[in-house]
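Have a look at the structure below, then the notes.
Chains here go by letter, A, B and C, matching the order in which they are written, and residues are numbered from 1 within each.
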Amino acid sequence: MWNGVGDLIVAIDGVAYGLLLYTVAAGLSLCLGVAGVMQLSHGTAYLAGAYAAWALMHGTWVGLLTALAAAIVGGAAAGTGLALLLEAVPRHLDQALATIGVALVGAYVLTEVWGAEPLSVDPPAGLGGSVDIAGRPYPVYRMVFIVIGAGLAAGLWLVVHRTRAGAVMRAVAADPAMVAALGIPPRRMRAAVVAVATAAAAAAGVLGAPVVGPSPGIDHTVLLLSLVIVVAGGAGSTRGALVAAMVVGQIQTTAVAGWPTAAPYLPYAVLALALLGRFGINRRRSA
Amino acid sequence: MSTPLLRIRGLRVRLGTAQILHDVDLDIAQGSRHALVGHNGAGKSTLLHAIAGTVRPRAGSIMLAGRDITNLAPHRRARLGIGRTWQHPALCGSLTALQNVTLAMPGHDPSRAHRALMASGLGAHIDTAADQMSYGLRRRLELVVALAAQPRLLLLDEPSAGLSPAEINSLIMQLTSLPPDTSVVLVDHDLDVVSAIAHQVTVLHHGRILATGAAEEVRRAPLPHQARPRTVTPVFAPPPAQDRPVVLDVDRLTTGYHGAPVLAGTSLHVTAGEIVAIAGGNGTGKSTLLNAIAGLQPVQAPTTIRVGGREVHGLDAAGRARLGIALVPQDRRLFAQLSVAENLVVPRPGGSGPLGDPAALFPALAGRLRQRAGTLSGGEQQMLSIARALTTTPRVLLLDEPFEGLAQSVAEQLWLAITELARGGMAIVITGHRTDQMAELGARVLVLTGRGLSGPAPARGEQRRSSGPYQRPYR
Amino acid sequence: MTSSSRARFLGIPAPALTAAGVAASMSLPWLADAYTVSLASYGLVAALVAVSAHLLTTTVAMPTLGQAAYFGVGAYTAAVLGQGVSSGLVQLIAAATAGAGAAAVIGSALVRTRGMVFLVLTIAVGEVARVAAEQAVPLTGGGNGLAAVPVSLPGGAELVHDGHVYLYILTCTLAITGGLHVLLRSRTGITWRAIADHEARMQANGFSVHTRLWTAYVTAGALAGAAGALLIAARRFVSPTDVAFSTSALALLAAIIGARSVTATVFAALLIVGVRDVAGAALPGTSPLLLGLVFVAAALARGGRGRRLAARVLRRPDYPPRSHPEGRQL
């Protein structure tokens, strides 16, 4: 079955795709698990970031940095606004309705501005070519993206596990009322998490644009995959999200290469297996 | 000798990281009226849940009338004849009383449900939705629901909680008139209820059975005490109250759960540098009082709470913390997966306030900064919980049962630290069972009984009231 | 056991209102143009999907975003069957059965979850159904959709005229929602509500909660499947777009706006479809924008009201106590 180089390339692609998914899903996991808000407009931030890349990057390094800065600033601002909206609707079900509405409005605005056609984004100069992997060409940008993605994942891990902000986040996930009793305003904490998560998703949109380019509907796809990853990995767990994202990324790319008709279903199969596994463990633990 | 109705062997229950029940063996005879007693957190409710099937044990077996029910789902156990009530009345709120009872009747016969409601004096409320009823009525309705299927075994979790003395009397009447072959397992903090109903008593202590037997025998039995207090030099001389400003001023605090009043107009004034010890039996609302002051428990009018003269109404828990209220809650509520150092930096960057490094107050913590909080010993966890509260530089420190489960030497060490804080001008409120000792050491003791605080109390006197025969061993 | 006979709106008894509403809707084909009538037909179809979402979201308190899946199962079943059997009634029963069957399989796993996990899983179910509709080209026609022949009545008469189609769909919708109305007031319905109120109490009463929730899920699947058959009657066409997330989202919104009432859910769905399609036709391309604004406005209206109420009862509702002994809430 091992197909040598072809499989290796697919596996590398899987890593790149998994890291891309992780960058988006980690933020959503923090929203659901730490801030305790139902967020169904997360994919819109990715799509907006991807369009920002198309509009600003033009294959230049300056453009990439400009787009990245715009995405982070805009994402943080939009996230803060979203957090304000979510404060006005405290129940999860209403938050689901509100964010579905935000996603619909967002998709409409993006389509109005950039049209309904899928766009393709060129990576910055010097990263557009390909390198040889055992005699086969492989896009340089994807290799670079793996480095950036791994850097982002490591950075996020450091923030969550090695900083005070991360300690507060993990404490909130465990016992929000106790954190409030220690003087941390829950509202500000929730707003910060939503803002950072939205900025991260928009930044992922910029970086991922040359891989998964902007087109209507991508927001929904990204949201669904993120939800699958968050629930499979356990809401609030960045480590769980990383594992789930890498598994989904790997399985998706492998299936697209080898068994394309099954590819769209496989993330949900992963979700079902993850939940079955967790139920099984719980049952054994409590039995 | 016939087999008991319920036979429990080697029952072990774990919830999260905490072992709640350790190898519990218990027999409940047919027709027995059995009380489980023990302090908060002893595992009484968990044992009821394990019998009902709503908590799964890790090990052990539960047999009902010779049949193994250890792995049966709750509804199957119910069909085998286990009925139950909860700490808060468990009813279907949008349904009427009649519908609630009908759904519990075998065969779902409304006319039998109707008769049952009439017989229990709820006839006037047959068409009232359960969530429109008063708390006392809901308690009574829940009992009718639990008895509708004529269970062989009835599990009652604090049936008297939140009831008035008159309501408690009618509850006792109702329970004593149950059919003689109905077995009852009862958890209740009201010793009048326990002694009026129970023939058998089991004492639980930290998830283990300390004693079990006929009520009279258990009362007389020489039980293993926790080490009697050694003589402690009084190190704390309380300052004359009138010389110091009132830091915490609680006036007519009123609150409750699910419509059941817990505190109705409790007032409390604490001056700087004073230690106030709140005594009172389980279920009198000691924790509720502290949580309400800290903002974790919603309060109702006409409550006013002032800290240093500032009204805290309108402030959430975080706002109150910044105003200078710090809570060391019951069960410590540490962030178990975080390290000691991380627990200390959550409230404030750097993890230290103007008091200096809180870890310095507890040298035992200094060497364990990188250890996970959940793996500390009980005493160290308590120290960490206090140290964590101190990082917010409080003016008022609320300690909820801080000495619970600690060895005497550790408790003494904690007490020294607490007096040290009071000497620095902090106002301190402590709840707990060792108030007699605290009184000897200079704390002002107030007694919380049912509906309010009274005191200053003769420390000995309150002990007699709250320490019935069952409370002595596990104080 | 309920006070429905005494329910009033603006002082008018509910049965009189219902009768007036039925009479008014029956006369629509004589009062409105063909476009409005076909729009109303689709509105009724969407309303039936919303009613299926109502059964899960409100009655058993398990909000769902996946009813489009069973809607699609029903629609494709009716369309495929319609190539040989034109009887509307046969198609309706077959579609409801297919919807129920699919829900029976999927529901057996889903009813073991609650809250956010359940919601996300229903989204996943909807997405899998949409992808399947796109991929199973031989059966579904893929992205091109599947066309169907006009349905016929038991007498053999083909329904071609828009007004006739509308009356057929209206009759079916009334019959189905009427049946559900009765079911919700029966022992089964009361048991569902009781489980939503207090699951643990119902377990202690000896009810198998999973089985009852599964029954509710299967019933909701049947309702959505039946709606699928009515879509075929209305449009004679189904495509993966009909199975999209937005169908489920619209159903959830209508169910939430409709709150405790099936009738209000039907009207909410009609209103939302009306706003979307009428205003969307007036300002071409803006229907997603309008729909999005309706979602946000509905959430804000509910959130604001719920919040003020909570603030009045609790004074400071920031964090609930750590344990929720009663009820489920998402």
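Here is the rule we go by: a residue touches a chain if its C-beta (ideal position, glycine included) is under 8 Å from a C-beta of that chain, and two chains touch if they have at least 3 such contacts.
Being a predicted model, the structure only gives us computed values, none of them experimental.
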| item | value |
| --- | --- |
| Pair joined by the larger number of C-beta contacts - A-C, B-C | A-C |
| Chain separated most widely from subunit A, comparing mean CA positions | B |
| Inter-centroid spacing, subunit C versus subunit B (mean Cα positions, whole Å) | 45 |
| Separation of subunit A from subunit C, taking each centre as the mean of its C-alpha atoms, in whole Å | 31 |
| Contacts with two or more other chains, residues of subunit A listed in rising order | 175, 177, 180, 186 |
| Subunit B residues counted as touching two or more neighbouring chains | 295-296, 316-317 |
| Junction residues of subunit C - those touching two or more other chains | 317-319, 321 |
| Of all residues in subunit C, those that touch subunit B in their complex | 1, 187, 190-191, 193-194, 197-198, 200-209, 314-319, 321, 325-327 |
| Residue ranges of subunit C touching subunit A (in the complex, touch as defined) | 63, 65, 109, 112-113, 115-117, 119-121, 123-124, 127-128, 131, 135, 245-246, 249, 252-253, 256, 285-286, 288-289, 291-300, 302-304, 306-307, 310, 317-319, 321-322, 329-330 |
| Contact footprint of subunit C on subunit A as seen in their complex | 32, 38, 85, 88-98, 100-109, 112, 175-177, 180, 186, 220, 224, 227-228, 230-231, 235, 261, 264-265, 268, 271-272, 275, 279 |
| For the subunit A and subunit B complex, residues of the former touching the latter | 164, 167-168, 170-171, 174-175, 177-186, 283, 285-287 |
| Contacting residues of subunit B [partner subunit A, same complex] | 14, 55-58, 71, 294-296, 316-322, 326-327, 329, 333, 335-338, 342-343, 345-349, 388-389, 391-392 |
